[in-house]
Amino acid sequence: MIVGYYPGCSLTGTGKEYDMSLRKVLSLLDVQVEEINDWCCCGATSAHATNHLLSVALPARNLMLAQKQNLNELLAPCAACYNRLIGSKHEISHNADLKKKVEFVLEEDFNSSTEVINIVQLLQKVGKEKIKSLVKVSLKDIKVACYYGCLLVRPNAVTKFDDAENPTSMEDIISATGALTVEWNYKTECCGGAHSIARKDIVTFLSKNILDDAKLNGAHVIVVACPMCHSNLDMRQRAIKKLYPSHEEIPVLYLSELIGIALGLNGKELGINLHFVDAINLLQMVKAEM
Amino acid sequence: MDEKLITLNNLKIFAEELLKANYTLILQDKQGIRWEKISNSDELHISSKLKPTKASFKEFVFSKTEPIFYFNNKNDGVELIDSNLSAEKMVFFGSKPCDAKSINIMSKVFNWDYKDNFFNTKAENSIVIGMLCEYRDEFCFCTSVNLSPVSSDGSDLFLIPTDENNFAIRIVTEKGREFIQPFLKLFAEGNPETTDQIFKKINLPEKGFESEVIRSWIGNNFEHKYFERAGEICLGCGQCAFVCPVCHCFDIVDEECGYSCGRRMKNWDACQFSLFTLHGSGHNPRHNQTQRYRQRISHKFKYYVDKFDEILCTGCGRCSRGCPVGIDIGQIAKEVHSLAANKV
Amino acid sequence: MKIGVFVCHCGENIGKTVDCATVAQRAAKIPGVAYSVDNKYMCSDPGQNVIKNAIREKKLDAVVVASCSPHMHEKTFRKAAADAGINKYLCEIANVREQCSWVHDNIPDATDKALDLVRIAVEKVKRNIPLTAIRVPVTKRALVIGGGISGIQAALDIANSGFEVVLVEKEPSIGGHMSQLSETFPTLDCSQCILTPRMVEVYQHPKIKLLTYSEVEKVEGFIGNFTVTIKKKARSIDEEKCTGCGLCIQKCPIKKKAFNEFEEGLATRPAIYVPFPQAVPNIPVIDRSVCTYYQTGKCQMCLKVCGREAILFEQQDTLVTEEVGSIVIATGYKLYSIDKKPEDSEIKGYGEYGYGKYKDVIDGLQFERIASASGPTNGEILRPSDKTQPKKIVFIQCVGSRDEQKGFSYCSKICCMYTAKHAMLYKHKVHDGEAYVFYMDIRAGGKMYEEFVRRAIEEDGVKYIRGRVSKIYRQNGKYIVKGEDTIAGMPVVIDADMVVLATAMVAQPNASKLAQTIGVPYDKYGFYQEVHPKLRPVEVSTAGVFLAGACQSPKDIPESVAMASAAAAKSLVLFGSDYLEREPTVAVVNEANCAGCFYCLKVCPYNAIEKKEVKNKLGEIIDYIAHVNAGLCQGCGTCNATCPSKSIELIGFNDEQIYAEINAFSESFV
Amino acid sequence: MNELREKAKELLLNNTVKLIIGYANGNGHNRTYPFIARNAADANRLVFNEYCVNNLAVYLTRKEFKGKGIIGIVAKGCDVKAIIQLIQENQINKDEVYIIGMNCNGAVNQLDNSFEKTTLAQKCINCTVRTPALYHALIGTTKDIEEPADTLGEKIKEVEKLNADSRWDFWEAQFEKCIKCYACRQVCPLCYCEQCIVDKTVPRWIESSAHTRGNFSWNIIRAFHLSGRCIGCGECERVCPMDIPLSMLNRKMSIIAKKEFDYSAGVSLDSPTLVGTYNMKDRQDFIK
Amino acid sequence: MSEEKFQPKIVAFVCNWCTYTGADLAGTSRLKYQPNVRLIRLPCTGRIDPVFIIKAFEKGADGVLVSGCHPGDCHYNLGNLHARRRFILFSELMNYVGIDSSRLHFSWVSASEGKKWVDVINEVIDTVREVGPFKKYQKINKEFVLHE
């Protein structure tokens, strides 16, 4: 299986462990990733706050690059990238005027037939059975809280993926590793998102609620599929601890990292050592190497 | 008898000249299906060994469909408009004796009381250049119907290949003579005696029956049980009649040209169709296929002969070759002949 | 044939884009047209008189009226023609208003088109033949499907007019959802108190044949003449012998096992049971899926205690055939099942509300049972999980309804009212309790409805919050309801003890199956489709079948009852005459040409084609050919198009007529 | 051959059948023709070989034979398909036909009227019924045969590749030739209508004149009326004196039936007919 | 001087209950569409025989539209479903002999879709206008036409 790969900015920076772990896991799962050449910004955050046309044209350019590489599917591991790519494609195909403008900007016809998918969709395509057959380390002793955040499944009419209000697809994939998933209440609550820089107070408060509910429901680890979620939930735990001294830390892993552990990769290979919150206890629980 | 000689090359030039003089040249097509018009002398493709086409050239003198008049339905009555008669001058090039004869035979029925101008105009505008025939198969029986591969009966001119690149051409009718007059420079003088020698060498199909015997037997054995078996497998299609060079039955139907105007069409019909004799009342005097098949044989070998002293058959074998269920008219005639001979 | 053409100006409606005078002049030249004239208002009395006089004076054989759509005035003009002495089927309409003058603005084009339309109609009418309406006798007996309040009302109305009714109910008792309700809005009178006398009346009515625990299997025939096959499911009880003493129910050893449908799962019942104490008929039924005897072959306790030997373990389902003239469908609704996704995966559930996961998150009908004096808590408001009194209760409206994401864009209409009622009942019983209602809009259109909601807010202090709830989860024994107050523009979190979801009213799960059995169209939600939303709201396209209640769309009780009476009235209209007149546009077989391939039989939607024997002079069957039962044929013509030899033709739309219509185009095209 | 003759004699002598529709030899040439055997002597004339191309099922619906007792018929697998279709369409009673099924090793292609060229007939390529699907007696054995390429399928694909105008030109040239002899109809076992639509005069949907317009309508409607019914015996094309490639029409319709509805005609007595049934899931992407 | 626009001739075979009523609704709503279409009203799409379509072309139509009720809406329950199957076969056949979907159109237009009717009919007219007069059929229609 060959799939196009759009890393986006996070996966080359704050979220590079996501990139590391994902590439390793996918190669074990016989998925070849083909990075699109000369990709540019997906238009998230600044572009779509300032210039609508730009925020559509940027992903459109990336989609056309994928098209030219004859990629049927394009994986956008970052939930924000995924959202921009799939959202722009939807918008362009439903708005002829916009399409004309975008084509003017791109200086070419927009005719993308590439399907944009997120990491959960890719793993669904790979199949639970395949993952199950490759598990080397059973995660049956750990309880996982799957955190979807806001962008992975929304807007539902565009993503046409899972139930926006009560998603369960990540749980389903994780069950292949043997890990238990907990029923909890904050899987789609806001983590504070892009306020991370400007309004630390909001992010700390919102993230704390999420972390608390996960712990309250017995989770050992929170699994995410978005670098922004990860950065808020992982990096802000120290700030939380300052404000709420009783806060007990809980590790936050990328979905690819958790699966990587199950497939027998060690912590370093997966970049788990790069997190703010130590996951050593978690790895010990399943007798995996750091 | 007047006879000329012409080389293959000159024959092509002859064709070229004819086209220039606004003649329509009609030849056997290369697929062996039917006769077709050619527009270029390069397409001239004649040979005495060609198998007869599936359909004869009948359709050029007796159209498979043609309008006989037009009508306009108005609120205050019906207006009739005559159909245009085609003045196209046609040359049937390289016709086998069994085809060449067809115009003469049909002419009798189209002229015995009502003069059919549609047929006559076309027949008058036709020149038949017949050709000696060297094709034989088990379906050929021209000799049994008083024709032969060397018969020029029905032809206006008659071609005889003398070798691969040379032909003798015999002028058979006055019409033929007039027709060839302007082109005589292409021809050399020929000697009828040499061609007679050629005729003698031609292998003739065996004569299978005496048509006169058939005629008289049918007259006395209308109810004979032989017909029951002979026609029972006939499926009632019109192929035999439609490919036949001399079957001439037609149907008249009206069809629209537009709103409240139309044309009356004359279309081929066939006695093997069950609708052929179906009355408006629902009664059908020939209500089964064996009766229809008997009619076909009887018309060809008795009724037409009685009325016009002409057998309605040239022995070309087309109907037998094409019959979906393999009914062989020559074979049937032979069987009838032997029934007659044995006085059964 | 002398044809008259009458071109209507319809005031300015036609006249302003179609040059009517020119159309009339040019129409006069069409072969067969003997008279042609235009008029300002053809449908007016003077206009009709123009037609009538022309028919009489010009001795016309047929007429074409170029006017509005045939759906509008075909009847009018056909009657006018008939009044003047020609067969009404020799009148055709050319639709030059709806399909010409109103949709085009270029006068020459519209005039040309109008003339074409006239010519088409002239050519058709030339080939029309005089027809007489088909008369079929009417069976003056009705079938009512569904024994809820709508079915009960319809049955009583018809029966009280003196006609027999067969009432079929699939449950063991009639009563429907109304029997589950505690009180009814806006009067708060006891639901069962007003319903049960009606149920008893049905039971005792000499003209009503009640078939409970029965389902309609097959419907054949047509208006006035339906033959209905009904399956009586085996109760395992001899209905003749049973006195309803209830001893068997008391003695049944598996009291606590079976899911109690009537109590919406809030209580259990024995294997042998009557759904509720006031059930009609008061005859128990054995639930074979839980009965020890059926499962293991042992027990027979009920048989032992029954003094009347009324228990029949070997009883089988039986089929009953009934002849009826009309059918009233009153099959009602179901509540949207929110705990799991319905089979049709387009529709998503409300996993975030935790219904099914949390025992104290319940739906409206469950709350009815909790509030009902005859319910599992005897009318005390106790939450299902621990039987404690909830002090804070949240009601959420529009769960499923008005939510395209979940597949239902429509408003369920009654939830605003019953939620107000629930909140009010709660406040009346738990004086120190708090009641919150999340709503999208309050739709309280109805007599005393708005006042009722105001009362809940103003007198009973129910707190209404305009907004949606995003999530319900459990924390420290409370149900955390997270929502948004869109008026205050703030998120709201309520730690409730219990949550009541006003879930959407949806069509019965097997509504489409019944629809196909009877031949009733249904919409994408499974609600039955009326013929016309305004003018024919209780009729369906299958003549003789009428709708009552929530099977057509969400409705409250007074609307359902009104509709039931309307459906009854429609049946009575039918029963008012001994014969029905039907359009004579039915198919006929040309027997001489039919080859008997019976493709017509295969495509006929009405089973109107029969195999007819062809016999020789000795009386031996030599062949079979098609024959049309004119009583069943509805004139769709599918047989005609399917027949390869065109040996079956639809009168009124036969091949010759259609051919002539197509041919009528050619002049304009040549 | 003896087995066939013996069986035929037995059936005729013990009155199991009234007559047997079979094949007999022509005079001197290879071709066989349909033959009705009524007695033991007739039975001795029956033959079966690769020249037996005719589909004899066409005789089963003919008034001369139908309804006069049980008819025996010598039938190849493809002929039996026609018989199955006829039974499904109520044209013959299953109990009034006795099928002498022939294990078939292919019939020859009639390139020439006298069957001089013996390539395998087009209809025999990829045959799935070399042993008939329905029979009362089965005669002969099948052996491996060499199958030439499916040139018909290729020809259809070639036409499909053309643009609409060129497709029209192709078929116009074909239909122009038609002389309306109706051999295609008469030889077709499934053209059993009492009155063909082309013979219907009020109204005259299809002009009986043999001009291109009338021919176009005739050939198109015939193909349409046979869609989902044609069992692919190829008889119509074989007998067409004008060599119109009718199999290209009929095969195309079979391909459509297979593709759209997974339907093949004449396969089983129990399967529903293609026309006359519907499926809610039938394609409608061509409908706006 | 701009050339005059080609005015195609469209014949529409419509069912009485859905499309004809939908076309009436277009009128009642005073929606406008091009006048190049002539409707033939039939009880049901089930009544529409392929010979009608061929005949319409024979009579000079440049394009044909067949329109009826959406599946499930048929006044006669099943007529349109049988018609749909029939027209799958027939449209494929017509396409094969060179009459493709630019000339032969199908639609479902319900009684409430007056707007859709307008859109469909305009689209049909525009499509046919684009491919031009049906010269191929006109050629065979003109055989034996009397030239005066």
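Each chain gets a letter, A, B, C, D and E, in the order it is written, and its residues are counted from 1.
As a working rule, a residue touches a chain if its C-beta (ideal position, glycine included) is under 8 Å from a C-beta of that chain, and two chains touch if they have at least 3 such contacts.
Since the structure is predicted, the reported quantities are computational estimates derived from the model, not experimental observations.
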Those chains which touch subunit E and also touch subunit B: C, D
Farthest chain (mean CA position) relative to subunit C: B
Chain of greatest Cα-centre distance to subunit E: A
Most central chain, Cα average position: E
Geometric centre distance via CA averages, subunit C-subunit B, whole Å: 72
Inter-chain centre distance, subunit A versus subunit E - centres from mean C-alpha coordinates, in Å: 52
Centroid spacing, where centroids are CA-atom means, of subunit C and subunit D in whole angstrom: 49
Interchain centroid distance [CA atoms averaged], subunit C/subunit E, Å: 33
Contacts with two or more other chains, residues of subunit C listed in rising order: 592, 603, 642, 655, 659, 663, 665-666, 668-670
Touching two or more other chains - residue numbers and ranges from subunit B: 65, 257-258, 265
Contacts with 2+ other chains: residues of subunit A: none
Touching pairs among all chains present in the structure: A-C, B-C, B-D, B-E, C-D, C-E, D-E
In the complex, subunit C residues that touch subunit B: 28-33, 119, 592, 663-670
Complex contact set, residues of subunit B against subunit D: 31, 33-34, 54-55, 59, 64-65, 137-139, 229, 232-233, 235-239, 241-243, 251, 253, 255, 265, 267-268, 270, 273, 275, 288-290, 321-322, 324-328, 331
Touch list for subunit A against partner subunit C, complex: 156, 163-166, 168, 183-185, 189, 216
Touch list for subunit E against partner subunit C, complex: 9, 11, 17, 20-21, 23-28, 30-35, 38-44, 46-49, 52, 55-56, 59-61, 72-79, 82-83, 86, 118
Residues of subunit D that touch subunit C when the two form their complex: 67, 89-91, 192-197, 200, 202-205, 225, 272-273, 275-277
